[in-house]
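Below, subunit A partners subunit B and then partners subunit C, in two separate complexes.
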Partner chain A sequence: MTPPTGRRLVTAIAAVLIGTRVLAASSPGPERQAPGQASPEYMIKAAYLLNFARLIEWPPQAFAAAEAPITVGVVGADPFGQALELTFQGKTVNRRPIAVQRLQWSQDLRRCHILFVSQTDSGRLGELSNRVAGLPVLVVSEATQAAARGATINFRIEDDRVRFDVNVDAAKRAQLTVSSQILRVATIVRDR
Partner chain B sequence: MRTCIRRRCVRLGTVSRLALLLALSASPLAAQTGGGAPQPAALGELSLEELASLKIDSVYGASRYTQKVTQAPSSISIVTADEIRKHGYTSLAGILRSVRGFYVTYDRNYSFIGVRGFSRPGDYNSRILLLIDGHRMNDNVFGGALLGTEFPLDIDLVERVEIIRGPSSSLYGTSAFLAVINIITRKADDAVWAEAAGSAGSFDSKKGRVTYGHRLPNGVGVLGSVSAYGSDGERALYFKEFDSPATNHGVAERADSDEFRKLFGRITWGRLTVQGLYGSREKAIPTASFGTVFNDPRSRTIEKQGFLDVQYDRNLGAGWELASRAYYDRYGYDGDYVYDLGTEEAPQLVVNKDFARGNWWGAEAKVSRKIGRHRLGFGSDLRDNVRQDQFNYDEEPFVPYLDDRRTSTIWAVYAQDEITIHPKLMLNLGLRHDHYDSFGGTTNPRLGVIYDPWQDTTLKLLYGEAFRAPNAYELFWSQSGVTKSNPSLQPETNETTEVVIERYVGRRVRLAATAFHYTINDLITQETDPADGLLVYNNVDQVKARGVELEAEGRWPAGLQTRISYTAQDSWNEQTGLALTNSPGHLVQFNVQTPLLHDRVVAGLEFQYLSRRRTIGGAFVPGVFVPNLTLVTQKLRRGLELSASVYNLGDHVYADPGSEEHRQDMIQQQGRSFRVKLTYTFRRAK
Partner chain C sequence: MTLRNLSIKRKLMVITMATSSLALLVASAGFLLYDLTAFRARMSDDLVTQAEILGTSSIGPLAFQDERAVADILAALRAKDDTVAAAIYAPDGKLFAAYRRQDAAGYVLPPGPEADGVRVDHDEHLKVFQTIRLQGELLGTLHIASDMRQWHARLTRYTGIVAVLMLGAAFVAFVLSSRLQTVISEPILALERTMRSVSTQKNFAVRARKANDDEVGALIEGFNAMLAEIQQRDAALQGANEDLKTRTQELEQEVGERLRAQEELKVLNATLEQRVAERSAAAEQRSLELARSQEALENQTRILQSILDSMSDGVIVADEEGRFILVNPAAEDILRVRLADAPMGEWASRFGFFLPDMLTPYPTDAFPLVQAIRGQAVEAADVYVSHAGAPDGIWISLNATPLKDEAGVLHNGVAVFRDITVHKRAEEQLLKAKEAAEAANRAKSQFLANMSHELRTPLNAIIGYSEMLQEQAEELEQRESIGDLQKIHAAGKHLQSLIDDILDLSKIEAGKMELFVENFDVAGMIDDVVITIQPLVEKSGNTLRTRYSDALGVMRSDLTKVRQILFNLLSNACKFTRDAAVSLEASRQLDGGREWVQISVSDTGIGMSEEQVERLFQDFTQGDASTTRKYGGTGLGLAISRRFCEMMDGHISVQSALGKGSTFTLRIPATTEASAAGAAQSSRITAPARTLPSARPPVLVIDDDPLVHDLMSRVLAKEGFDAVCAGSGPEGLALARSLRPIAITLDVVMPGMDGWAVLTALKADPELAEIPVVIVTMTDDRHMGYALGAADYVSKPVDPARLAGVLRRHASARTAASVLIVDDDEATREATRRLLKRDGWNVDVAGNGRQALDRLRVSHPSVILLDLLMPEMDGFDFLGVVRGSDAWRRIPVVVVTARDLDEEDRARLNGSVTRVLRKSGCRRDELLQEVRQHVRGCVSQPAAAG
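Our next item is the complex of A and B:
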């Protein structure tokens, strides 16, 4: 590569990179992002989670009080950005607000009603289902064939759309009543 | 040469500033004030059914598995069936014209694609890889891809077109040199699905198609389609290079006809898919290419291409998944070229028959699984060219010139790993080794770093190497006294570095900026051997190019959709210091689809602008600005759709550069033309 060519390429790449640097400087960062600063896929997944909170019935003992919040926990890596907060803001289900918690794997996961495990942490799905076995916790994941590996609901991408599987056996074990509205849209799977 | 380089510097300076501007305008500040306000809260009000219908962009061809566009190690564009309908595209070439940075050259026989400033006159698209549902379409004699009416699949059967820029030899081997184009065919979702379409247009062109799909309760799906097309073409075409009394004053009459027949069929049964395809096209050549007699309608070419392809996927247990494929392909080219071997007083017309036959079969297997943070894949491809034959003779009197019969075998192994280092950082590694009988082995890597600094922004740093194997034509074509073969040709190589930034502004707007640089070495070029004066292909040229592409795309719920892009590029031959021929410095591409008349009609308007291009003769074809307009009815009557298109709306007179085989340095293109199309679809749900 002759020096002028190299320099020209560097100029071009530098311009783009400087552009992103400026962009970085002007960005308030993930914690204080402007509305909508989430990828379309996770905005859709967040909206699904809201629907699950509305259409799944937890046993009464899952809540400490009548108006205690429904807690959605994201375990490990968090791909949602602000999408969860933005989607749940001001929403209630039977007068219960929806709270979001971001959890480390070392923390107690049993106090959540919905637990989301991202693709990145899908290797620990088996561990998670052991830790919440028998408890009224809806485990939602997005790994390949996760509904057969302990998750109750599993997101997958099909025909460029976000679809999901429901493992009805896993739901029963967690004492969750899944509405027919969900089952109509879902692909139903069972334990192997 | 010095001033030439200096001018490039200045131009790129402008381009860099533009890239900066786009990056700035993509900042959150601009996003907040820039309209199209995203409303994640509103998504929460959607029903499950509505959520399940929302689209996110995904791509198969970039990694040989389905992944999100933002995670693919390439800069990608997607054109959907909906856009094809709303813009009235009639060929793959027409679709590609609308894609950022792509342009098409038509020589009134074949369509040639230009990508990233590279479109060598006469290269038969051998530096892009064309796939139909992952099946390689480049033939085994010329390595070419057919893109115009000669493309063997009816364009109405296309579900989507994936355009993957940059080298992908680490995954596909030869031809994946500048870009990969993967066509996904339509699926029949309903139990019974039948469609009939008829169209008519300028130059007495007519087309008909019947498609039938059936899905049985046991899951077996069947789809079959037949199409036929015929066009008289321009009744009279004027070429000033032939303007003399002996050659009809430069007017080629009734020498532009174009006809095709296309068949497609598919059976799916669980994890098994069997697909078959056949297309044949016959085109008259009005340009008197290759020194043939002007205004003789017998000069023509026929392309025939078909395949039978069996795919089988299965789960191997322990998380391993297998994807396999076996296929058999045939390709045929028949050229009739009329020459005058006599004198001006006593002409002696002879039909020269130039033809090629290619047959090949192949098998592919790939296993993949996720292990922790890795998504691993290993694959192997085998291609056995049982026939790569070229022939040439004069019919009457019979004079044989060439009878070259070849076979060859290609095998390859490849591996790829997608590593999620951190939720925001992915590493994509690929490596493939290909082995050829002729030149031996070649190994090509790809490396991608994909970083999401924020939820809606992706930054990709990409490096890839690619090769194009010398084709049978370049290796073996010879004609005594004129050309000679060169069986020791080596592959051409390409090294590309790219930076891609993609940013979503809410759900509606996507912005993308790309900067690329590539170096092609050992480019195969025909030259005269000073020792014997014969023409021969040699690995001689080095080409460098770089450029910047900027794109903004918006989709609104009412059905309004728009895309605009700007490309600035510069490519030159390092030996001569000259800019490449047929390489526009600037491209602007725009399209918009909008509902009108209370949603009863959708208008699709598009234009392409290409700046001037240098010709082989050293002149320049002026800039080109071509707008096309299509109106499509919606809800006309159940299942019925009417569409009307005007191409080259302004009747703009423009030309594409000619190739070595043309006496014309510039070939004038189609003026304004029309098409109307009626489609009736019958569906019966499950």
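Our next item is the complex of A and C:
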């Protein structure tokens, strides 16, 4: 793996060249994003979250009713801006709407189906995985090597593209069935 | 040279070749077309399947924008030779990834995605578009293009194969057809050859060879059959010639045989003659035997004949033609006529046969002998015979029987009869004697009825006048004659009761006594008798004690007879007891499933010995002959009582001891089943009396108190008035208008319309003003009442006697009512007239019906007292006229007669008289009471009076 500083540099150059593929990594940071706007990187991550919801199967007990919404929770810092709302608007997964919740660490996290932990809060990833251990919760993070630290899916940037790792053991623990369509493009990670 | 003119051989070959080649060509072309189409369809299917597989596997890479992965997937198509190119377009239509076969430079990828599906592009390429979606969201469109190389290769290859096959097939067809055509052409050619030989050589024995069983075979067969027929005819012609010759020879032979048979017949005839001779001898023998049996038969016939001749009964046998086959001497002796044959229809007239009525000639069809000839047996039919030879007539009793032969076939009839003239004459005399006896009986009954009338009429006068004379003597204080008159009166009474008893008894004896059953109240009846007997009880110094319960109820029996029995028992008791107690007890009992009324009368008189008791109920016997002299009486009373009792199914018994008195017990069924006629009669005579127009008008009681209604009704009923009650003034006025009462009693104090108002209203109505009103009140306000028009004043509590007196005075004093007495007996008429006159009536008299009608025309009596037996016009006829007239119909008629009414009389009087009184039983008071009642009824009925 390349050091993060080096990769950021490369990413910035590529963004200038490709235009549309410019990633948020070069942007000043999520905290400084103007409200209502979304960086391209997080638009892509939001779309990926939607596709995860579509291609991962939760156990039936994870939902109160047949058309109960899939809840996507963002714990702690929120780098998405309006990206999640823009992406999920009018979309359903197996006729379930998708709800977005922004949560503090002190709140009950267990009611979410997908929990996103940003780079900023990645230090508390271990704590999070303990809190939702054994529950059908898909923990998605974007910290380096996060998949080995409790997250089921970990975003990373590779060749200016958003790629991800999937910890299949973590998925299994969370009783989540991950489609081969995901595995086909993901880097498979296992517990050490 | 056209096909038509080719030889059969060539034709067959050409046809076979052409047909098989064409068929093969069409089949090959069809197969080729099908195969190529199917191949192309398979190619399309393969391509679609491939697109689907590729599309599905690229969902993930597309969803996560992995171009490399997409490119890898498309590159996998390299394995497929015919895939020219493949591409995936992004949802925005831009090319996302592409693959191109190296040698396929000629194919240009479409600039953007097209609609899903497979299509062929210029027979060069097969193109497929397939959209890729994840949960409905378009991820991209896959495009695959395939060239048609394989297909074209297949086309070329198959065409070559077909060409080679065609050539091979044509060759094989040529070889086979050139061989096989001989199967058809050869037999035809052979036939043609045969025909030619037959026609040239005229040889009909030649035959064509039949090789196959097909149409050509049939043709050959037909040809052969034709040849055979010709050959056979030829042969038959020759055969017929031969036959003709043989036949001629046979005929000659037959003629010879016939001649021989004739000879044999002659021999047979000779044998037959001999046999006939033998048979005649046997017949002679048989006729001898027949003669012997005939002799025996004649013997028997002679015996029968002598029996018939010696019989006293007549016997005739005749057949249906009217021929007399057998007539014995007795028959003609009895009938005193010569029986010559005659048709059956003339027998009655010729021989004088009549029906038993002695007038009607016997109808032919009914005549016994005729019926017998026709098959019907008749027994003991009486026939009267009368003709010139027997002017006095002969009666015969005749039996007739059909005669049949052994086979049962009817031929004749036989009649056997005897003279019964003597019996008939005796019978006739018997009948006459019976009629005479019946006439005598009728005369006796008539005599009895007349006697009752004739005896009673003078007695009535004697008794009536002696009563009146007594009263006069008492008034004039002629003491010495009073005693004499009393004796005359007593003797008359005695005689009267004697006559009544004798007549009753003789009626019973003659069976003329009838029961008139009706329903009546037992206690009421006893009360009646007790009141009647009271003077006798007092005269003998006795006291009468009665004891009976109210539960006696109603009995259905002959009231008059029960009363008479009871009266007789009580008067006997009084006769034989002096200064003692006579007691009467009555009860109702259930015995043997029947209800009985038992009445016993006890006295403490002289009593009777057992011997006397035994003779007690015999006719004309008293306890002792001396008693009759001492106590009077006919001694018939008990006998009559017993007879009456028995008529009503009851009985009478006595318990007695000398010197200790006697107890007579009478037991009668509560319900007597009278003879139907008697019962019907009695109900008819009693029923209409209630509906007679002269039913007396009532007294109207107007009072608001129901208790007063009840009280007044009873008081008035006792005094002989009917009461109708009204509870208020208006009701009273309405009733007064509809009923026209003879008097009104009126209460003053009433709610609503008070008595004064009612009285004013009554007097204001001209129709009601005449009705006397009696004020019945507790208030003493006489002046007010009289001022308003009241007739009288009675104060409450009401004194019944005073009320009755007042009512009677006002009810009857209103008009001078008149009575018409119709009686032929001067004495009776006069006695009655005087009696009524003294009671204050206007009296008119008439000697018979005709005079009475004359009187009616000038005066209008309130009531008519009518005798029935009168000269010129009797009571029945008079009644008929009166009831038939509108003016007189409503006048009440009281029949006063000495005649005992029988059923017929009652039927004639039915409904037209008000009441029947018997002269002897009629006391003066009773008569007066009747007259008063009816007059009261009439006078208050203006319609009737007018």
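The rule is short, and it goes like this: the second predicted complex is superposed on the first by the 156 of 192 C-alpha atoms of A that agree within 3 Å, B and C clash if a C-alpha of one lies under 4 Å from a C-alpha of the other, contacts with A are read in each partner's own complex, and residues count from 1 in each chain.
Definition applied: a contact is a pair of C-beta atoms (placed from the backbone, for glycine too) under 8 Å apart; a residue touches a chain by one contact, two chains touch by 3 or more.
As the structure is a computational prediction, the values presented were derived from the model and not from experiment.
*Asks:* Using the touch definition from the top, say if A:Gly81 reaches subunit B (first), subunit C (second), both or neither.
*Replies:* first
*Asks:* Between subunit B and subunit C, whom does A:Ser129 touch in the aligned arrangement: first, second, both, or neither?
*Replies:* neither
*Asks:* Touch check for A:Val93: first (subunit B), second (subunit C), both, or neither?
*Replies:* The second partner, subunit C, only.
*Asks:* Just subunit B (first), just subunit C (second), both, or neither: which does A:Ala46 touch?
*Replies:* Touch status of A:Ala46: first partner only.
*Asks:* Quick one: is A:Arg161 in contact with subunit B, with subunit C, with both, or with neither? Answer first, second, both or neither.
*Replies:* both
*Asks:* For A:Gln181, select first, second, both or neither according to whether it touches subunit B, subunit C, the two together, or no partner.
*Replies:* both
*Asks:* Looking at A:Thr152 after the superposition, I want to know if it touches subunit B, subunit C, both of them or none. Which is it: first, second, both, neither?
*Replies:* neither
*Asks:* Looking only at subunit A, is it subunit B or subunit C that touches more of its residues?
*Replies:* B
*Asks:* Kindly list the residues of subunit A that each of subunit B and subunit C touches, one partner per complex.
*Replies:* Looking at subunit A, the two contact sets intersect at 44, 48, 51, 55, 91, 161-163, 181-182, 184-185.
*Asks:* Using the touch definition up top, name the residues of subunit C that touch subunit A in the complex.
*Replies:* It is residues 57, 59-61, 63-66, 69, 134-135, 137 of subunit C that touch subunit A.
*Asks:* Which residues, counting only subunit A, touch subunit C once they are in their complex?
*Replies:* Those in contact with subunit C are residues 44, 48, 51, 54-55, 91, 93-94, 161-164, 179-186.
*Asks:* Which part of subunit B faces subunit A closely enough to touch in the complex?
*Replies:* Going through subunit B, the ones touching subunit A are 5, 8-9, 12-13, 15-17, 19-20, 22-24, 26-29, 31-32, 37-41, 43-44, 46-49, 51-58, 66, 68, 70, 319, 370-373, 420, 422-423, 453-457, 459, 497, 499, 501, 504-507, 513, 515, 517, 519, 544, 546, 548, 574.
*Asks:* What residues of subunit A sit close enough to touch subunit B in their complex?
*Replies:* The contact residues of subunit A facing subunit B are 1-2, 4-5, 8-9, 11-20, 22-24, 26-28, 30, 33-44, 46-48, 50-51, 55, 77-83, 86-91, 118-120, 122-123, 143-144, 157, 160-163, 181-182, 184-185.
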